[in-house]
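Both of the next two complexes hold subunit A, though its partner changes from subunit B to subunit C.
== the complex of A and B ==
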C-alpha cells in the first residue's frame, strides 16, 4: 500500500482490520483470518530486537506461562501446545524466558544472529543446584 | 454466544484466538498489552472498545495500522469512557426498537484508559458514566505516571517516586502527594462491581473480568501495569515487578461489590517487605540515600495500615 503522509490523513478515517466479512473472530485463529493491509499483524517489529528467544520443545511442559505473559502475542499456542515464537512480532523483551518454569528452561535468549539449530544442539544441561 | 467462556486452566485459556495484534509500538516488556490480552481473551463475545489517549492508544493505532481486531474508537484524552457509553446507549435503543440485525449477539463494551486519563483528565467523564449506570467496563492501566508524554506525575503517582515534573534531587525526594484511592471513589458511586487486578494473577483477573461482564451496570477495573521506561527496570523483569507489587501489598487485590461489600481475593503466602519493591525500581533509587531512608519506613507503615483497613472492611461488610 502506498503509505499516506500525516498531512494526507482523512479526518474520521476508519481502518478495517479484515478484508471481507468475518463473523466469528473469537473462534478464528490468526492463520485463518483474512487480515487487511491495515492490520498491524501484517507489519513487523523484528528490527527492534537485539536478542531473540529460541524455543527448545524437548523441555517444554506446555504450561503456557509464556503465552499468557507475552506482551506481543508472539508465542504461538495451538491445541494447548506451544508450537513456536512469532519472530515478526517479537520485540525480544525476554519475559517468556523469565517466566519459564522448566529446568533447564525451554526458552532462552540468544543474540539476534545466533543460529537456532546450533544453539538447540548445545542447550544447557539441567542445573542441579537450582532444583 | 452470550454464555460465559469457560476457562479452567491456562492450557484451556491458551486456545483463545487473540483479538489484539502484535507489531504494536508499545515498549518491549510493556504490561499494557498483557492486561489487554487477558481482558479480551476472557470473553468470546463481540467487543466494542475505546482507548483514551495514552500509551495504549498511540501505540496500537499508528496510521495506517491498527492492532485491534474489534470495533475500536479513539476520540479525546478524557472521553474514551463516554464514547463507549454512547455506543452502549445506542445499542440499547436499537435493541428496544427491534432494529438490530443480529439481536442475539451480546456485545461487551469496554473502555481502556491510562491512569492519567482516568485519575485526572477523564475523572469527571468516568464519574458521569458510573453515575448514569451504563452497562460498560472501564479498565484503567495504572502505570502511575503520564508515560506517553515523558513521565509527568499524575494523581496516581505514589510518594517518593521521581517523575519529570516532580524530580528527585538535592532539595526534594520527588512526588510528595499520596496516590488517589480510585477504586473506593468509583465504588462510592454504588456501582455493581469495582476491583483491583494485576496481570500476574491471571486467574484472579479473568474471574473478575468475567464477573464484570456478567453484571448489569458499570464496572470499574484498576489494573497495575509496570512501566519499564518510567519505573526504570529491565524489560524482562515486568512480571517480577508485578509479583513484588502484589506480594508486598502495595497493590492489594480486592473487589467491591455494590459499592460496599469488599472481598480480598489474593492473600500472599509470604509478604515481601515494601523495601524490596522499591529497590527493584529506578524511580525510587534516591530513597535509599541516608537522608530519605525514613520514607521507606513510612511507605511500609502506609501499606500495612491500608492492608489492615481492607481487612477490617472485609470483616465488617461495609
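== the complex of A and C ==
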C-alpha cells in the first residue's frame, strides 16, 4: 500500500471495505466484489498458519458444516458444494476438520509443507470401529 | 413530529444541570448512553424524564459504567446519530480511555462535564481536576461560568462538533454544585429556534450507510498512527477556532448573548489581572470592579475555550497588562499550574512580557472568597510597583496551615 501523507486520507480511524458504492452485495460472489486495498480480503495472512487443511472431495457430502463453522469464512462453497479452502485467509485452526462428519473425514490437517496430491493418494481408510 | 414541544418562559429559573438537560432536549439527541454520577446526575436524569414524557424522540441507554457510557456514545456516533452524555470526576476518569477513542475516530459527541474533585480523599465538590485530566484527549473544551452559559454552550458545542470540517467531540464544563445546583434566571430559546440553530444531524462516514460500508476503530502501527494523530492535531489547531467564532457570532445574532474565545473584563486599561475559569470568573469580576474604587486598575480574563487553547487570543488579551495571576483549580502535583504554563508559553515570545505568578485554589470545593481576591489583586499591584514578582511563582490560596509557596 502506498504510504500517504497526513493530509491525504479520510479523517477518523476508519477504512472503507469497498471502492465506491456497492449494490446487492449478498448476491455478488466475493471474487466479483470491488474490495478496496484496505479490505482484509485483498491481504494474504497465509503466513500466520502452521498447519493446513487438505480437502478430499471424494468423501465430501456437502453438508456445509465446515462452511458454517469456519471462523474466518475461508471455506469456499459454490452452489452449496465445497470447492476448496481460501489459503490466503485460513489460519489452520482445524475447526473444519473437527466438525466434518464423514468417515473418513473429507478435511484433514497436515504440516504446511505437505503435498496435496501425495496426501490425498494416501488418505486414511474408513474407520470400521467408529462405523 | 412524534414528540411534544415544551412551552418555556422567556426566563426560567434553572440550575446548570437542568439548563444543560433542557438544551439537550431541544437538540433532539438520537442516543444518550449514561451512567449518572454526582454532581452531573440531574442532567441525564432530567433528560431521561423528558424522553419518558414524550418530549424527545431518541434512545436512552442505561449502561454499567462510565466507560460503557462513552463506549455506547461512540458506537451510536459511528452508526450516525446525534449523541450526548454527562459525567463528573471519577466517572470522567473512567471514561478517559474512551475519550481518546472518540476524538481519534473523529466522532461528534457532546459531553457535559460537571467539574468535581478527583479522589483520594473522596470528594463530591467542585474543582477542575477532571477538566484538566481531559485536556490532552483531543476534545474541544468549553467552559461555562453560570447556568446560562451551560445552556447556551450546549447548542454551540453541537454546532461546532458536528460540522463536517471539524468532526471532533466536545465537552461543556460547568462547576460542580456552584453552577450545577445553583438556580438562576436563564434566558431561553424556543424549541423551534433552538433546534434550527443546531439543525438536523448530518451523518458522515456512518456505519448505517449500507451502500458505503465502513470499518470504524481500525488499528494502525508505526506506519500510519503518526499521520492520523497529526491530522487530528492539525484540525484542532487550524479548523476549530474559526468554526467556534462563527458559531459564537451566529448565536449572538439569534439570542443577543455574546460569547468570546477569551472573555475579557475591564482589560482595556488594566494594570493587573487574574486569569481563571468557571464560577471564579464572576467572583473575580466583582472584586476587580471594587479594586478600581481603591485605585487598582484590575481586570479579569476568563478562558471560554480551553482546548484548543487560545494561544494568540490570550497573548492579545494580556498584551498591555503589567502583572498577571494565573489561577488553577487543580493540583498540578509537581509542577506549575496548567494555566500558568499555558500563559507563560503564549507570552514568552512576545515583546512585552508581564509579570506572571500562579495560584492554586479551591481544591475539593474550597471557596474562593472575595477577600482572597482582594489580597491577590493587592499582591499583583505590589508586583507592578516593585517591577518584579515579589512572591514565589506558585502560591496556594485558602489552605489551612503554614503558607505554601513554591518555585
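What we mean here is this: the second predicted complex is superposed on the first by the 120 of 131 C-alpha atoms of A that agree within 3 Å, B and C clash if a C-alpha of one lies under 4 Å from a C-alpha of the other, contacts with A are read in each partner's own complex, and residues count from 1 in each chain.
In this text, a contact is a pair of C-beta atoms (placed from the backbone, for glycine too) under 8 Å apart; a residue touches a chain by one contact, two chains touch by 3 or more.
From a predicted model like this one, the values you see are computed outputs, not experimental measurements.
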Next on the checklist: On the A-aligned overlay, A:103 touches which partner chain: subunit B = first, subunit C = second, or both, or neither?
Outcome noted: neither
Checklist entry - For A:44, is the partner it touches subunit B (first), subunit C (second), both, or none of the two (neither)? => result first
Checklist entry - In the superposed arrangement, which partner chain does A:15 touch: subunit B (first), subunit C (second), both, or neither? => result both
Checklist entry - Should A:6 be classified as contacting the first partner (subunit B), the second (subunit C), both, or neither? => result both
Item to check | subunit A residues touched - subunit C or subunit B, whichever exceeds | outcome: B
Checklist entry - Looking at the overlay, what does A:93 touch: subunit B (first), subunit C (second), both, or neither? => result first
Checklist outcome for this item: After superposition on chain A, the subunit A residues reached by both subunit B and subunit C are 3-4, 6, 9, 13, 15, 17-18, 38
Item to check | Contact set on subunit A toward subunit B in their complex | outcome: 1, 3-4, 6, 9, 13, 15, 17-18, 25-30, 33, 37-45, 48, 62-65, 67-74, 77-80, 86, 88-95, 97-99, 109
Checklist entry - subunit C touches which residues of subunit A in the complex? => result 3-7, 9-18, 21-23, 38
Checklist entry - Across the complex, what residues on subunit C touch subunit A? => result 104-107, 167, 205, 211-218, 220, 223, 226-228, 230-232, 234-235
Checklist outcome for this item: Per the touch rule, the subunit B residues reaching subunit A in their complex are 10-34, 37-38, 43-46, 60-70, 199-200, 202, 228, 235-240
